[in-house]
């Protein structure tokens, strides 16, 4: 058994026996979804494309370190960065400009989830787009 | 249909059709688990019981506002607050002293989950303790 | 020399010799002003007075642990909590609803500073209200 | 008067009349020092040089948007990233591995400040290295 498998075997004992691969993949992905928002909300941003893309990449690279995250894409929407009416000319990461798509995978289950600001709800909704299960 | 039901009906259309109540309860609870850690890590704390309990209550009251969170209990472990070797005499919230237990409920599913620092893993593990489904 | 004085004596050696008590009092207070905002921005809040006052107290008690903070008052403005148009019915701490007043003291200097959302600037301004120096 | 000058002229009226350029430069720099720590503490990191340098750059680029910050350098120390004893193999940004050097400038005053983990103090000290004033 590799060191990873050993650690996971120990960790697994803390989970209820009824917890399936599907449950676990959802669990791990959703933790990261909540984590991204609450870690980075409030970070200063500007309309400078370089600033925005550097931050997007940093969020992707750091948050994909979390367990069982297969892929993560972060977009900060230029057009939703509040046009600064003042000349300090910066805004901040928040629910209206941040969107996240991630894929978590545990065992045979792969879950696609997302956070996006939804106009009709006026709310940054987190939702599960798709659950895939291998046979 | 109440205003809440209407909002939820709209929100639900963004979720894949295969997403069950159980999936959703896990999803909502895990978001909050990740959110608590990344929102409050770094908050200054001391061994003063009053400071600690005020912060515990604030985390509980604010984070239980998140959707579908039925209950949340937060403990910051006095004994794991690093004994300050310096006289500024404070420490900060982190994975070693923070533990969270929460219950999320969606439809007929109720999920108990937890974050605790696990000695044998030397890691603040987040795990699903129990999943309950009403008939 | 007390343990605190010893620590401070050591810490002081890292500061430039030109740094006065006044400089230091401003420095310590401003660190905490920046810290409060970036620590708590994004925390869920509702219009429930109990939730709001519990969070205000927790911010005050934890952030006043920072070095040389004599006093800190935090207000989260009910009226500026965005009226939730959705029934998840909560909002979050941000620059428009959070205000902070603090007093830092180092040696003979005491500095009063504040963060408030200023209507005419459409900006949560941090500013020094008053600097007092004992003879 | 440019738009920036106009905004600053208005903002300045909130500051006490006794506040000098030197006071203001210290104030603005220290806000950002406190902000960086409390914004990014808890962000997952690994020993992968690419992850670390991407995050360093993102912190530099975003936090230098804050008012009157002339320059900011962020280092996350590889050697102080806790060797993961577990195979999830990541750690997080904290006071022991993060160091920040910044220069703030207001009017004729330029202030160099720093946050570094200081071994002999066992503490991530924030300090003013140097204050420069033009004639």
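First chain written, first letter: the chains are A, B, C and D, and each begins at residue 1.
We take it that contacts are C-beta pairs under 8 Å (C-beta built on N, C-alpha and C of every residue); 3 or more make two chains touch, one makes a residue touch a chain.
Bear in mind that the values here come from a model prediction, so they are computed numbers and not experimental data.
Shared contacts of subunit C and subunit D, meaning chains that touch the two of them, come down to A, B. Because subunit A and subunit D carry the same sequence, their contact can be compared by residue number, and over half of the numbers here are used by both. More C-beta pairs in contact connect the chains of A-B than those of the other pair, out of A-B and B-D. More than half of the residue-numbered contact pairs at C-D reappear in one of the options A-C, A-B or B-C, namely A-B. Per-chain Cα centroids separate subunit B from subunit D by 30 Å. For the pair subunit A and subunit D, the distance between C-alpha centroids works out to 26 Å.
Rounded to a whole number, the gap between the C-alpha centres of subunit A and subunit B is 17 angstrom. Across the assembly, subunit C contributes 7, 37-39, 42, 86, 88, 121, 123 as residues in contact with two or more other chains. By the touch criterion stated above, subunit A contacts subunit D in their complex at residues 2-4, 6-8, 39-40, 42-46, 50-51, 54-55, 57-59, 61-63, 65-67, 86-90.
Interface of subunit A with subunit C (complex): residues 37-38, 41-42, 85-86, 88, 92, 94-95, 121-123. Listing the residues of subunit D that touch subunit C in their complex gives 7, 10-11, 14-16, 18-19, 22-24, 26-39, 113-114, 118, 120-121, 123, 125-131.
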